[in-house]
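Look at the two complexes coming up: chain A is in both, with chain B in one and chain C in the other.
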Partner chain A sequence: MRAARWVGGRVLTGLVTLLGIALLVFAAVRVVPGQAERVLLGPLATDEQRAALVAELGLDRDLVTQFGIWMGKVLTGDLGTSIVSRQPVLDELAMRLPVTATIAIMALVIALGVGIPVGVLQALRARRRGGAVVSRVVGGLGISIPEFVLGALVVLLFSSVPLGITIGAFTPVAEDVGQGLLSSLLPALVLSVFCAAATARTTRDAVLGVLVEPYVQAAVARGETPWSIVRHHVLRNATIPILTLAATLLAYLLGGAVIVEGLFNVPGVGSYLLLAMDRRDYAVVQAGVMLAAVVFVATSVLVELVSSLVDPRVSTIGARA
Partner chain B sequence: MRTTSTAAVAAAIAALALAGCSGGSTPSEGQSDVPDGYVAIADDSIDSAGGSLQVQVDYDTAEAQGLDPAFAEVARSWSIMGLVYESLVTVGPGFEIQPELASEWEQPDATTYVFTLQPDATFSNGRAVTAADVVGSLQRLADSGSVWSGQLGPVASIEDTSGETQQVTVTLDSPYTPFLAALANTPAAILPMEELTAGTFDPVTDMLGTGAFTVAEHRQDESWTFEANPGWWDADALGIDTLELVIAGDEQTRLAGLRDGSTQLANFSNPDALQLLQSAPNVTAVSQTQSDFFYAMLNSVNPDSPFADPEVRQTVNALIDRQALVDVALAGAAEPTAVTPANLPDACAPDSVPSASAEVDADALAGVEASILIYNSDPALAAIAQLMQQQLEAAGAEIELESVDDGTFGERVYVSQPGDFDIALSWFAGYGDASIVTSWWNPDTAFFNVGFTQSHDDLSEAIVAAQQLEPGAERAEALQTVCDLADEYAEMLPLATRPQVVGFASDQLSPSILSDEGYGDFLRLVADFRTIGG
Partner chain C sequence: MTLIEIDDLVVEFQTSRGTVRALDGATLSADAGEALAIVGESGSGKSTLGTAIGALLPANGRFASGSVRVDGVDVGALDRQGLRALRRDALGFIPQDPIATLDPTQRVGRQLALVVRALGRDASRAALAQMLDEVRIADSADVLRRYPHELSGGMAQRVAIAIAMARRPRILVADEPTAALDANVRREVLRLIFEAAEQTGATVIWLSHDLEAVARWCRRVAVMYRGKVVEVGPPGVVLQRPEHPYTQSLIAAMPSRLQQDVPVRTYTELLAAQGAEAAAPLPSAPAPDRARASDPAPASADEEARA
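Then we have the complex of A and B:
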């Protein structure tokens, strides 16, 4: 009963957060300079043309009514129509989300696959001379190198030396699985560098925190092998911060990586939203931000649920709070 | 082994980075036989039947009126729509007006044009083009209130005067020399008016033209796939079957596409692309001189702007070193210009206007505080703004730079009344006749600049007078008057032409590209392209 109440509370908090974000994005696109009818129609449009577009977009109604209509449509799955492509926004997002998701998941898999073992090793060798310095330098480089620098170097390298991957020739996985994964590899690699460095650093800190716990020292005293200690005691207890970070990274990646998408000409969500914002394509911006918010909130709730399974104290503490 | 591989990759990156930074310039390979008026000419001896072509372009068409050419406002829309639609005439080498959908035309007097249509012209649905389609299309454009409707000039009537051949007669209220050049742009395209009127064709969502290609697929901001139109009246001349336009917004992607050979042609507004492609094997990069030009808007209408004072505007105009803008900000791939684009016949010499010889005190702008507003989607604007900042600060001004997104720029410059800026930078299409763009110096007819420029009767009258004269010395003199007056009022300051670099894979493609272009259409001669090896 307590667990159900805790889960319900988290879901309710998530819904309230989404409502707040909906209000914010709705207001934001109307506050920024450059209204849709002005941006899209340009400086030479007549007042009649602008009025016609305003009416077509429903912008001639009061804000409360506009928000009510929008929310009503969103709740029924109608995200509106893009004023640029004149296609339903839902269809356009449905086309781009798998592209972004493929790259995001690949980047996360690479990041976790590299970052967790590296972080564990860094923690286990933290007291060795020079080990800490090297790990900090490498980790700092991975975190601080800008994506546009790394991405540009990768683009330059792969376009100048035949290495089997063509820059800019993106194939969706839905069309060709093998080619789709291959064309997603480079953007995923570029994105994974920051994620892997962040994962390694978080893992290292988490593992270092666990290594000094009495139960680890007891395991050492019992004569358990180092691998057994890491596997059964250290990793399990260091999981929660890694899990939280992974969820944050996934949500960030699913929101679209504008620079990397641009460099590799990937038709993902990020570049789509950026163009929509430039053109004041309200329906697309509102839907895209809400999509990213839903992903973020849902991932956060999911992580809390998983964390409570890994460590039941999480839900207990949460329920008491 | 692992160490060796890592070192090799690192060395490759270092070598590539250095190669990308290397200086120097050599003539483009294979360009020695190119005739005047072209920077590249297709090799007719190549049989490329069945050829397919991939072209990467910088941005997609995104117009308020969708795919309707009559309302198309930007160069890329004109290029893309121009693959499907045709106008009565087109532009050839040296901005010469040439036949397109009209096989010929006559001008019996200064205000009358009689066009004879291509006898074999059909829309891609198979229906023959009629004079009624031409009359309906041009009348629709003239009545549309779109940007281009104003450039058609004082159209009095458009009539079907067909006899044995399909003919259309356009009568003007008064002489208007740039009429044919205005007809040569995509907004004057001929639409299937029968289908449009019947409601079976919506020009906003579909394209149904008489041109070389038909649309097979369009993914907004991603790609276009065009297929050869077998019913095109000049289909035998068409060298490619399939044309894929990939929208690649990032310049590095387009450079990469040319370097690795995955794309056959790409365009760049960044003149540095010439140098960046220099070391790429099998890639030829050419600079197409455009009549498009950068200009600075000085806000004379907003009382809070220091440029409400005409003396300050004139001082700024005299202080701007346009040659330095060309050399430093535009990599030497442009040229200074006056109001009339420098590469067009009868254009004013940029060093002939009063500000070019004006003497200015070293601290002429002391106490002037202003900002330069640019939009962030064109890297050349940032370079120009930075250099202008240095030049004006050298005369004692305090200049800030503001870079905003396109929407904010449009709001502050074109929509706010008065305009919410001091100096703003942008560029104009220069078109195919020296007098067309001068219309923008009359805010009463241009509209977009009423928030930052004032109406001047003498300038407006000079513009109309110049547009009525036949090309030649008399018109050049009249245009000089326009340039001088615009220079003295110093509200919109022409700076330098806007370069365009076109790169192509010379081992895969033999293209034809004009040396001068007025509408930004580097694909104007795509029907002549020949793919090498099919």
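Then we have the complex of A and C:
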């Protein structure tokens, strides 16, 4: 009962956050200098054309009604129509989101698969001097190398040496699963370097923090093997910071990585939104911001729920506050 | 039969302020099945001595010289695997803060199951409940379902005792096991520890501040001061007629003495009052079972101070 109320509270907080973001987005578009009909139709349009557009966009109504209509449309899945392509925004996003999601999930899987074991090992060997220096240098390099440098190097390598993956010919997963995954691999790899380094560092710190806990010392005193201690006690207790980071990384990756998408010709969300901002395609920008907001809020609510499952004290503390 | 032999042990810690000697030539031995209490103020080296038995020193500590032998085996010379085997098969630790030594993310039942499974024994619900019944937890089925933060201190200490006793250790090291508990639970927990040890024939090394309880439960008591064992003997002798000035000051600070209006001085104050003579270096560690002369104990420090 208490748990259900806590979960309900988290979800409600998330919805309120989204409503706030919707208000901000709505206001931001209307605060931008220049009336929409002038920006959209240009200086040569007639007054009739402008009036028709104002009526079409509903800009002649009061702000509260406009917001209500927009929210109603968003909630029923109508994100408006792109002024540039004259296509429904939802359809365009639905086409591009799977592309971005495939790359994001691949990058995250690589990052966690590499970062967590490396972080655990680093923590367990933190006392040995040589290893610490090497891991710090490699980790620092991974975190600080810019995507456009790493991506450009990968593009250069794969376009000058035939390694089986063609650069520039991107196949969405929706068309061909095998080819789609293969062409997602390089962008995912480039994106995963930063994420893996960040995961390794967070994991290392979290594990180091857990290793000095009395319950780990007690397990050592019971003569348990290091592997058993890591598996049964350390990983569980180090989960929450790693999970929080993973959710942040996922939300970041789903928002679309503009540079990497550009380098690898990926028709993803990032390049779409960049183009829309350039052309003042407000419906697309609004939808993109809302999408990013939903992803962020949803992952953070999910992280809190999973955290409370992993560590029962989280929900207790939450209920008390 | 001597089970634990600590011989002239020196343990040093590397700290940011240089090397600190936690043990400075401590010598002590314990027989199989005996209950030995170690008393002394914080920082006297009690805890270090307790952990040294399992070579469980913190990362910055090391055996500088001397030796710890358990059943004739030099603990300092064991490799990782040998140490794990020693800790798994022979040692049980009962902690000061039992809640902190339980994994906060797992229910009590699951943690007991982990311990029991590692021993290759039955980890069924009934077997786990039986473990808790043995440490006199009334509602064992309910406690199995709880998380550590949902336990009281006394309850958690019983769980910790159940975990320690699951392996039927030959040596039970209890580091102030009642320090974090309410007064009314202390006696019950102590009884539990000593009865369990008696049933299994385990040697108890009890690190304590509580001199009166020590006199009740232990046949022998060792007094530690500044990394050395300064006095060992039956509590009746050591506590009634303390020989070492530090023991005298320790006893003068007992609550029952306070009620008798005996002036209380710290050992340092005593030294100052006694002047240069008493400030001479501490007597070297006595033989563990030194025979006590029947001649009158040296004049009480209190009297000297008053003179």
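In this text, the second predicted complex is superposed on the first by the 284 of 321 C-alpha atoms of A that agree within 3 Å, B and C clash if a C-alpha of one lies under 4 Å from a C-alpha of the other, contacts with A are read in each partner's own complex, and residues count from 1 in each chain.
We take it that contacts are C-beta pairs under 8 Å (C-beta built on N, C-alpha and C of every residue); 3 or more make two chains touch, one makes a residue touch a chain.
None of these values were measured; they are calculated from a predicted model.
Asks: Touch test for A:167: chain B only (first), chain C only (second), both, or neither?
Replies: Only chain B is touched by A:167; chain C is not.
Asks: If we overlay the two complexes on their shared chain A, which of chain B and chain C does A:152 touch? Say first, second, both or neither.
Replies: It touches chain B, and chain C stays clear.
Asks: Classify the contacts of A:46 with the two partner chains as first (chain B alone), second (chain C alone), both, or neither.
Replies: first
Asks: Does chain B (first) or chain C (second) touch A:225, or do both, or does neither?
Replies: The second partner, chain C, only.
Asks: After superposing on the shared chain, does chain C or chain B touch more chain A residues?
Replies: B
Asks: Going by the contact rule set out at the top, does A:277 touch chain B (first), chain C (second), both, or neither?
Replies: First partner only, chain B.
Asks: Looking at A:263 after the superposition, I want to know if it touches chain B, chain C, both of them or none. Which is it: first, second, both, neither?
Replies: first
Asks: Report for A:312: first if it touches chain B alone, second if chain C alone, otherwise both or neither.
Replies: second
Asks: On the A-aligned overlay, A:84 touches which partner chain: chain B = first, chain C = second, or both, or neither?
Replies: first
Asks: So in the complex, the part of chain A that touches chain B is made up of which residues?
Replies: Residue positions touching the partner: 32-35, 38-46, 49, 53, 82-87, 92, 152-153, 155-162, 166-169, 262-265, 267, 271-272, 275, 277-280.
Asks: Across the complex, what residues on chain B touch chain A?
Replies: For chain B paired with chain A, touching residues are 9, 12-13, 16-17, 19-20, 56, 62, 64, 66, 73, 145-147, 204-205, 219-222, 246, 248-250, 252-257, 259-260, 262-263, 280, 377, 404-415, 446-449.
Asks: Please give the residue numbers of chain A that touch chain C in the complex, ascending.
Replies: My answer: residues 127, 213-215, 217-218, 220-225, 228, 232-233, 236-237, 310-313, 316.
Asks: What residues on chain C touch chain A, complex-wise?
Replies: 54, 56, 59, 83-89, 91, 93, 95, 97, 100-106, 114-115, 118, 147, 149, 163, 167
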